[in-house]
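The letters A, B, C and D name the chains in turn, as written, and every chain counts its residues from 1.
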Amino acid sequence: MSVDPRQRFDGQPGPVGERLYAQMALIRAFEERLLLLFDQGELFGTTHCYIGQEADAVGIINHLRAGDVVFSNHRCHGHFLAYSDRPELLLAEVMGRDTGLVGGRGGSQHICYEDFYSNGVQGGIVANAVGAAMAEKLTGGGAVTVVFLGDGTLGEGIVYESLNMASLWGAPVLFVVEDNRWAQSTPVDKELAGDMVARGRAFGMSASEITSTDAVELYERFGALVEQVRETGRPHFEVIHTYRLCHHSKSDDRRPEEEVERHRADDPLPKLAARLAPGRAEALDREAEARVDEALAWARAQPFPEASELGGARAKA
Amino acid sequence: MSVDPRQRFDGQPGPVGERLYAQMALIRAFEERLLLLFDQGELFGTTHCYIGQEADAVGIINHLRAGDVVFSNHRCHGHFLAYSDRPELLLAEVMGRDTGLVGGRGGSQHICYEDFYSNGVQGGIVANAVGAAMAEKLTGGGAVTVVFLGDGTLGEGIVYESLNMASLWGAPVLFVVEDNRWAQSTPVDKELAGDMVARGRAFGMSASEITSTDAVELYERFGALVEQVRETGRPHFEVIHTYRLCHHSKSDDRRPEEEVERHRADDPLPKLAARLAPGRAEALDREAEARVDEALAWARAQPFPEASELGGARAKA
Amino acid sequence: MRRPNVLGSLNASLHALMEADRRVVLMGEDLLDPYGGAFKVSAGLSTAFPDRVLTSPISELGFTGVAVGMALRGLRPIVEIMFGDFLMLAADQLLNHATKYPWMYDGKATVPLVVRAPMGGRRGYGPTHSQSIEKHFLGMPGLVVVAPSPFHDPGALLAASVEDDRPVLFVENKLMYARLLRGAGDASMADVTVRSTEGAFPTVSLSYDGFEEGELTIVAYGGMAELGLAAAERLLIDHEIVAEVVLPSCLNPLDLAPIARSVRRTGRLLVCEEGTGVAGWGSEVVARAAEECFDALVAPPVRVTARDFPIGNTRVLEDAVLPQEDDVVRAARSVVESRKMRVVGG
Amino acid sequence: MRRPNVLGSLNASLHALMEADRRVVLMGEDLLDPYGGAFKVSAGLSTAFPDRVLTSPISELGFTGVAVGMALRGLRPIVEIMFGDFLMLAADQLLNHATKYPWMYDGKATVPLVVRAPMGGRRGYGPTHSQSIEKHFLGMPGLVVVAPSPFHDPGALLAASVEDDRPVLFVENKLMYARLLRGAGDASMADVTVRSTEGAFPTVSLSYDGFEEGELTIVAYGGMAELGLAAAERLLIDHEIVAEVVLPSCLNPLDLAPIARSVRRTGRLLVCEEGTGVAGWGSEVVARAAEECFDALVAPPVRVTARDFPIGNTRVLEDAVLPQEDDVVRAARSVVESRKMRVVGG
């Protein structure tokens, strides 16, 4: 069984904008609820929300077909929901339940579902993604691997080792840098010298960039990029300049308020809502809320794992 | 006490070409003797010779002043001899003697002398060099740090982490890539994708390249580069395209003979010898041989360390 | 005056160190105020010493390497690894650079580097942000591994580490940051006799009976120190077992003497650590004790460690993996109840 | 037919593995023929299987990470680290990726990865090319650490590692490559009784007296295996001390049973390893034995390890640091001569 985001997306009725909006609304509603649950003390530990960046996930992942692979990072909720459309499994996971995505073992940052993988250690997944793409290449499959990384993660040397190998060996992998201008508390100009796109290009691969939080625009651009990688069997390096509207994890936002305010105008949800038929956005927001309600009710009813299950593992999916 | 290569070089009589040649002849004679000693079973372990690349070391290091710092790698003999002019100390070291550079502990790859350091693990020294340069910057000194790395070492992620930090923080460091077209048994096109200079530039620093084994040409170019780094306090990334004429370490050369032959025409020694006054090169070769004879005689007379000295260390130099 | 907590002690020490010595430089991720580091150990420093606090890109290997270069050249850098879990990324700089240079350069160089690494779980941070992996760094020749506890003076240990000419890995248990220091004069220590060895990295020994008739030596460090003492208290009150608690601050090189002295009194040894057990610190302590206090042991030594799994995100799995006070009490009871004796002959 | 040496056994096994299973992929530096890898373990493979031998850039962390991704996606990659000394560069991929995924993804993924790492000294390669650092990789939950010796079938161990669904670190002592295999039928083993446990990673036990009246258990692995047997022979001939030699091939998880059985016979334990001692494999073996064979031990266990320094380039310093046959003999004599006995009571 494989997830086929493109088939699912293409099979839905309605204009592209509405369908993208519906997904973004689900991600937003999901994460706002998550933050509420943390505030209310129902959740414990940490989480990283994707608020403000939803257009990236929906713009890219809806082009993936069955068997395509996604590697995601600490900020994975949006990627996962666009990929799977299964909020209840992620919610149960974050709530530590036995029937969560990975039985409560991974929590918010460490999830796996079909061909989707995430890890909370910065950088390592980039090499893992190249390996996944090489596995595909060596076995003659036609799948594409997409890996998401942040601007800050461009600090990790393994990223460049990975770019070099992907380029040398011709790995069908799409590197997506989500440049949200900050790495935790550090602004991009204190973490990154030179030019992001030039870094990709210096390793001998096609590379380009886009500054946008417009889901439709991103969707259109990435359709071509995903197919380019699939057809050429070569890597591509794409930088999306965007912005994170929430704190890094929880209650740790010390950025200049005025800067954050300025970027609210680019919030991908209102930006797209304004172009939908009147009332549609509100309706889709309500639907998203209802799905989150439902997911939460389900997740709350799920059991916690048993301490004795430490060594066991659910049957391989 | 500090070594001042520039003062030493400037203080010598004769034309620049002769002085550069004399240094190259010493390096060449030293290493050919070393290889002979290995063949004769007097030396044990391993070594990496610099044959064919001598013009880099003499072209660069003669611009360094007292207090300037050099980080070198496994292929360090040429760098060290150009820096120190002390063949006997290195020979004693490689021969494992107590009065060698580091008491026989480091051998061919792991040496230290005044402001010169080398290590045999690829990549790590590049970060160490940035640290040395930052130390200089933070303490208000005016010294420049030079670090040598090979084309193959551009595979290591730490190189890019280091470029990024050097550029972000403004470290007065000169990165010198000695692209000798091979990393051990691997040709550059199997190890490196894209463009070397573009890699440096992508991290926001000035970067350029030169294809040359002409010691005078390199000497002229690097005078400006070393002073640029000193004056701007910013890093520079320079790639020298050259060629290694010897095996990687010992008896492990499986490169196409015809390729190696072709590059013999670029051997920096005959190349410069042809431009010296008649008979000068031969005389300088003989002087170099004599110095190596002398160094060897001295080194052979040196004692081995005592096993009991494991924990001790010579007084700090 | 309120007793400081561990965090405050470390932070105050950093301020004092940077004030006193211009060679002290701080490097790591997200260090700048108002953020002041992920756990706030570095708070205020970038304001007070803007030139010497370098907030770095996410480049653990690289900035540790930069710090090694600084240390080689006369500075005294302190590196903060945001989560100790990421220390493996920097490990080559410790193994093949920081610890190699002083010896292999035959004393021509020193590398007075301190790498601070917050370790430990019990905060629900999941498998990659909760580990105690310091054991993997034990026994690199030349690397000193120090771990404060509330029973030591963490700030003084940090100062001693910075003043040490050798590279030091300084392990800070995350849960411990908020704990108040517990010195000899504190109310919470009223019933406890405290002894300490001399030197920069002392071992503190605690006893509820004045080291008179201990039956068991509990050895612990860092985040397990308070658990060890709490277990000793319960053992005394609930089970009438008198345990001495021995808390080294220097994991390597290890001063076995205070442990050996205690074992010679008690005949029984229990070692706790929050990390997993295999080839851990506890293995070394048990092995050393078996070698050096063989005749004194009247019962098999025992280790209480994390179980041999990653640390799950959900609380029930995290709790099941990590060693708890109950585990210490249970193991202590079983070792004391195995009242084997032996007679030593020729 | 000449007995194969360790190198030949490994190389033949790689050929057979790649022939039999298209999922097997080889990655590492300088693997291509005619070079065939720094130590020639990979010779001929790139000629026979050009698509599945990826000679890589000098990117230890990166290519190990690529292999992890391949393994997650159904391949069975084998990674060669040119010198085991460089393994720290790749360590994060072992700790936080390869071993974490299977557990933290709740069994939804496996990472059947083998990382081969040549370790060890005695070749004059100096401080950064001679180490045995496998101890730093012991006790990562989920990581299997295997080390062949001439008394095992190295190729079979490698095959078992490749067929294992867990990540395996496969430690190859460099000096051992040229040594001939020493099976039960060989002339060099004529006087030796050989026992072996079952399973993919057996422990081999050797005795010159048929396991009749051993006085000492010598435990060793990898490059120390032959040293251990040589010491046992000298102990018997020169000192009339009967030692059993126990050689596990799997360092972690450790099957203590054959060691424990031997210690219960001999009462004395000596553990050898080429790496430095602190928190090493020997610590774990001694600790486990102290815990689990406490009543059987009649003398303090002892470890013979490298001394706590880097490995100098010059031979006298290399020899002084690394454990030698003489050290094993000396330690063995001292442990046997400390003929302490004890009576176990209630």
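Throughout what follows, contacts are C-beta pairs under 8 Å (C-beta built on N, C-alpha and C of every residue); 3 or more make two chains touch, one makes a residue touch a chain.
All values reported here derive from a predicted model rather than from experimental measurement.
Greatest centre-to-centre distance from chain A is found for B, with centres as Cα means.
Chain A and chain B, compared by their mean Cα positions, are separated by 46 Å. Between the CA-based centres of chain B and chain C the separation comes to 42 Å, rounded to the whole angstrom.
Averaging C-alpha coordinates per chain places the centre of chain C 30 Å away from that of chain D. Here the CA centre of chain A is 37 Å from the CA centre of chain C.
Along chain C, residues 56-57, 59, 61-62, 85-86, 89, 92, 96, 100, 103-104, 126-128, 309-310, 312 each make contact with two or more other chains. Shared interface positions of chain A, i.e. residues touching 2 or more other chains, are given as 103, 105-106, 110, 119, 121, 154-158, 161, 164, 168, 190-192. If the chains shown are joined wherever they touch, the resulting network links each chain directly to all the rest.
The touching residues of chain B, when paired with chain C in their complex, are 69, 71, 101-103, 105-106, 110-113, 117, 119, 121, 124-136, 138-139, 157-158, 161-162, 164-165, 168-169, 312-317. Partner chain D is touched in their complex by these residues of chain C: 61, 85-86, 88-89, 91-92, 94-96, 99-100, 103-104, 126-128, 133, 135-142, 252-254, 276-284, 286-287, 289-292, 294-295, 297, 299-303, 308-310, 312, 339-346. If you check the complex, the residues on chain D that touch chain A are 22, 25, 51-52, 54, 56-57, 59, 61-75, 77, 92-93, 96-97, 100-110.
Residues 154-161, 163-164, 167-168, 190-195, 198-199, 201-205 of chain A touch chain B in their complex. Looking at the complex, you find that chain C touches chain A at residues 29-30, 32, 34-35, 38, 55-59, 61-62, 85-86, 89, 123-129, 307, 309-310, 312-317, 319-321.
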